[in-house]
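So that you can tell them apart, the chains are marked A, B, C and D in the order they are listed, and the count of residues begins at 1 in each.
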Amino acid sequence: MRWRPGPIVTILAIAAVVPLVDLVLPAELALSEAVRTVFLYAILALGLNVMTGYAGMLNLGIAAFMAIGAYAFGILSCEIYPFQLGFWPALALTIPIGALAGFILGAPTLGLRGDYLAIVTLGFGEIVQDILKNLDSITKGMQGINPLPAPSIGGAMWTSNDERSWYYLLLALLTLTVIAARNLERSRLGRAWFSIREDELASRSMGIRVERAKMIAFATGAAIAAFAGGLSASVLSSTGEPNNYDFQVSILALCIIIVGGIGGVAGVLVGSLVMVGLNSIVLAKATAWMAAHGIGSQGNVMLSPNNWKFLIFGLALVIAVRIKPTGILPPKLERGRV
Amino acid sequence: MNATRTAILTLILIPCVGLLGSHSASAQGTLKIVSSLPRTGSANAQTSTIVNGIKMAIDEVGGKVDGWTIAYQDMDDASPQRGNWDPAVEAQNANTAAKDEEVVAYIGTFNSGAAKVAIPILNRAGLVMVSPANTYPGLTKPGKGEANEPMVYRPSGKINYFRVVPTDDLQGVQAANWAKDLGIHKVFILHDRELYGEGIADVFKKQAESLGIEVVGFEGIDSKAANYRSTVTKIKALNPDLVYFGGTTQSNAGQIAKDLRSGGFKGKYMVPDGCFEQAFIDAAGAGNLNDNTFITFGGLPPEKLTGRGAQFCSAYRTKYSADPEAYAAYGYECARVILQAMARAKTKDRAGVLEAIAATKDFDGVLARWSFDANGDTSSTVMSGQTVHGGKFEFVKILGD
Amino acid sequence: MKAMEVHGVGVTFGGIIAVHDVSFAVEPGEIFAVIGPNGAGKTTLFNAVTGIHPPTHGHVELDGREQVAPMTRQTMVELLVAFLLVGVGVAATVNVERLWQASVIDNYIYEQPFPWGSALADLGRAVATLGWLGGALPLVCGGLVGAGAAWTNWSRARRSPDHIARTGVARTFQNIRLFNELSLVQNVLVGMDARMRAGFFSALLRLPRFRRERERFHAEAMKLLEFVGLADRALEAAGALPYGFRRRLEIARALAGTPKLILLDEPAAGMNPTEVGGLMALIRRVRDRGTTVILIEHHMKLVMGISDRIHVLQYGRTIAEGSPDAIRSNPRCIEAYLGVEENG
Amino acid sequence: MFDFEVLVQQLITGLSNGMIIALIAIGYTMVYGIIELINFAHGDVFMLGAFFALTLMGVLGMESWGPGGQAVGVAAMLVGSALFCGALNWSLDRVAYRALRRSSKLALLVSAIGCSFICMNLGLFWGGLPMDVFAGGVAAAAPKDFPALVPQVNLLGESFIRITPADALVFAVTIPLMVALTLMVNRTNLGRAMRAVAQDPVAASLMGIPVDRVIGATFFIGGALGGFASVVYSLYNNTIGFQMGTRAGLDAFTAAVLGGIGSLPGAVLGGLTIGCVRAMSDQYLETRWTNTIVFCILVLILIFRPSGILGSSRKEKV
């Protein structure tokens, strides 16, 4: 049979040529920077997808793990702390730290039924922000930790102006995450997760160790989310403030996987493109254009385009699930040898 | 293969929509000013007045400086799903501005946290940034923030960041001095655990202690809570003369005032300039503030202004049919500093404008006559104290005199 | 040794006695049937045996061993570890700012090398000075919560279905519970999970060990599908399978774990006579592989045709046990079954 | 120093706040009980209810009515907001949820999240409408003062412990509502139908119960409770804003889970627990740790009672 590129390969291949397209587009239309945000959210959403998509555990606090990753990266690498590990070691350490955080939250709560777990994760997402704020002698509270190192491949450290380097680094790391997720998905573990998602009791009766499989899913998802957090902190050269990892980030990640097609890697990629693209590309450019052409005014709340963003975002969600409740690219049955 | 097609279509569609958002390159001789402020979500009210102030300053010069057309772009550093400033969006705004050769000045940010992201990016691009609202001292002043501040914001070694607002370390001190003058012996300090609020509360606490005022409590509140009755009970049991709240209208200064009064607290209430806006009185209810609430503010209130300031106020009232708020004045001041520097600049490019702004001396501003010091801070340290009387802010005194 | 012994098992649901004091023993290699009118407590008995709703009274032995995991030294060690980990974790969390201050902030000067030795010494000193309220109290409270939680988890897990399945008991469900979105072969592979050894990292990195295991089990799963006659549909989704085939797939999935004992809950429900004939042959072949079969069934022809022994329940109590011929002539069984044949 | 008066005062505060949380929590728990949806939009429906009440007050000019008139006004706001929120919640179900009944629970959840954003934006617009009681069109996002129609004076005179008419209002409204609701669920045909649909919608529809209408009615009642809660909340706290729904919803949902989701008394118990724990933590620990403590208590309770305090550990049918 002739090899045909699947949707994942297609998406990643198209993403690889975006900076080249940017060369011919006018500067204000340049897409690569906005697409970078898409990559970061895609990695985060892949982490959430391991928990929620594969193992069926609704997590409403994925941003907490992102925050843990970002702050761990910050503390391990920033010059105002003694550790100063440098980009690669610090980024690598976010993974076990995220997994540990996932374990600490997951160990007592994974026995909980569906939405009970959801509320626990939601609460966790809130209190991690609180803790990061309160322990300000360690985390610098609301100040955020900056500057954070960037990779330096041959020569000086990159800055956020080195757009193309960043772009391809993020794309490469996203591709690695995709491969990892695909490998797990098509293994004994992935099968166990799917079976738990479909029918927990039946898979238990088949000898699947449900708690253990869930624990691994939770820790893996948390590790990927923490990785995304560390990476985003490095891109921004700052952890930002704890509030930057609030409920809304978790919600966006959840919307990404559901609108994209829950449980499949391709769906997550398309979902992040659509949801983050809507936010940081379409809405941003549209309001900028309207402002530049004097459309709308600041005097009346309803005439200002910015004040419509929540509404448009919300409508997009409602309409998207109404048209395709299973998502844009729902995962297909694995037919191959698994 | 249907899935692939969907993916390709989406990828093509987004650039197309992006194209719609483009506009043709401007004619030669355009200088661009951009602002990056949180325009979506809860800070929208304040940032709207900043944008009003900026637009007014540009309109006053007829949109032209020395024959160069001035273009203005109002960027949003908040994202709808966050409803607040978003570091990724702020970085994107800064990078966009840095890349656009026409941009010669960047007004922003509203949040000091956002400034930390934007300053180094703009610094590398040699683009000047003037903030109407950042008050975190570490952005400019050595020794006031972390060990590596503010050098860390100046990777190129040059200063590109200026601000027209006095920093928290000045205001907190003046507030504590004023409290001493008011005869306060015991104070309970609250803050909203934000960069601004906690910073100013910290300074207030240190100064109060050094003045011999007893600090009976220092607590961070949850600015999203429905009410603070239990905190008020705790305060009441300690019986302080004054409650100081480091925070803003957005972080529920109004609710605290309400709960203090409805909880039967009889003492005074003091807040910083984040609450110096009509919305604070509206939110708290005038009855809860009248004659026992004290507000510090970096600058003079509109009705006390003379000269430029008075002109600004009347012009603002005519144009927007509303009283100018503090942030409107700061926004206006930012834009005017930039416009005047453009006029003075030898070369009409980033380096020229940056140099001209850094050289700003004895600027006839709406708030005072001031210069930028070596750190990029305003030399104006005039602080005024306000109270609320009959549902309106009322000027009490110039602080520090 | 018996394949399974049920000793005085009783199940009550909030005051309702579903199964009362049932005892029986199943010989290895036997086909043993449990019959009784609707509501007699047959499925409840199965659920009790497989750990889904643990029995309120009595106990079950498999191969002469207690089915519930015993308290071993390893469990005690785990409880102790939970006590220490959570205790130390809570104590460290409560004091984290103090310890950080003593070790990092007091020792680190910006742009100076960090004195690791003295920082660690300071950390040790700070820990030593935590005292009762800051150190011991959180340690003990946290430790107790940790050990309590570990105990709760353990006592829930010691008789959980996955533990019991791993001791060699497989089952099918009355209302078929397949994984509808997985393919047939994947359904069977889930049943084999307990036998697989490749772990997280070999899957993540696709190590040779993972590949070898995958090939081996895949081949075995295909053989099992062949055994139940579904090999040609191996890659279809289980949800799309016609009803009769779904039963077969469930049996294949149950067999996948190479159980010593398989419990079939009404395997013939909803089948036509031809399908029942095929099912009977299949059950015999399962037995011939060396697996002991226990089944619940209403279909008398099937029960009488293949069972070695039959156990009859009514209202949760045993009313008879014996060979098919003995049951067929037992007056109490005939009485209990009047009218049931019309339904079934 | 242990002060008994402080403890009593904190209990009063905790119970009043808890009652309001409980009232919102019931709306969540009812909807969850019947279609297993975490109705994210509920908090924002509640928020819009508060804006509706404020508008009603402004349009009718209630602030200038006499004391007797104001009592009538409060009643009018309660009824008006309840009807408004009920109708709004019902329409959300009709427009955004009903078509997704057969889809996955997560699609439904995303639809609810979308509705939450839409409602929040509507609240922002509403806050920007130029009405007398509002600050005017510009400060749409700023918190709005909700005039204290129910005075915040101390009924006990000059004592340290304060019980205000607003405290009394909280109890006077919520307790009868909860009793009425319990009676409705247990005694009426609609209540029976709701319980039947909650247990098994397919079986219920086979028994001739109009499932969609029963679900719609549940949404209406849940929304109406949100409406009552919004008026009580506004009169108690005297501030409303377009983002208040998020936090209120979060607290209420935590309360519903703590008490055992799907259980009405559980929601009340959960709300009161959270209210009191908050007050105690504010008093005897530090305010900034309050949320963390509430969370730890939630996790602790769920470790040992995985279905909440009063939740039934629903045995799965095999």
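In this text, a residue touches a chain if its C-beta (ideal position, glycine included) is under 8 Å from a C-beta of that chain, and two chains touch if they have at least 3 such contacts.
Treat the numbers as computed from the prediction; the structure is a model and nothing was measured.
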| item | value |
| --- | --- |
| Least hop count linking chain A to chain B through chains in contact | 1 |
| Leader among chain pairs (count of C-beta contacts) | A-B |
| Most distant chain from chain C by Cα centroid | B |
| CA centroid of chain C to CA centroid of chain D, Å | 41 |
| Distance from chain D to chain A - Cα centre to Cα centre, in angstrom | 32 |
| Separation of mean Cα positions, chain C and chain B [Å, integer] | 61 |
| Centroid spacing, where centroids are CA-atom means, of chain B and chain D in whole angstrom | 35 |
| Where chain C touches two or more other chains at once, by residue number | 52, 110-111, 149, 173 |
| Numbers and ranges of chain A residues touching at least 2 other chains | 79-80, 108, 111, 133-134, 201, 251, 298-299, 307, 309-310, 313 |
| Multi-partner residues of chain D (at least 2 other chains) | 117, 138, 140, 246, 288, 291, 303, 316, 318 |
| Chain D residues touching chain B - in the complex, by the definition given at the top | 3, 5-6, 9-10, 13-14, 16-17, 20, 117, 135-136, 138-145, 147-148, 152, 154, 160, 162, 164, 166, 233, 236-239, 241, 243-244, 246-248, 251, 278-279, 282-283, 286-288, 290-291 |
| Residues of chain A that touch chain C when the two form their complex | 79-83, 104, 107-108, 111, 135, 137-138, 180, 183-184, 187-192, 194-195, 198-199, 201-211, 216, 220, 333-335, 337-338 |
| Of all residues in chain C, those that touch chain D in their complex | 13, 43, 47, 52-53, 145, 148-149, 152, 173-175 |
| Chain D residues touching chain A - in the complex, by the definition given at the top | 32, 36, 38, 96, 99-100, 103-104, 106-111, 113-122, 124-125, 127-128, 137-138, 140, 246, 250, 253-254, 257, 261, 288-289, 291-292, 294-295, 298-299, 302-303, 306-308, 316, 318 |
| List of chain D residues in touch with chain C within their complex | 300, 303-304, 315-316, 318 |
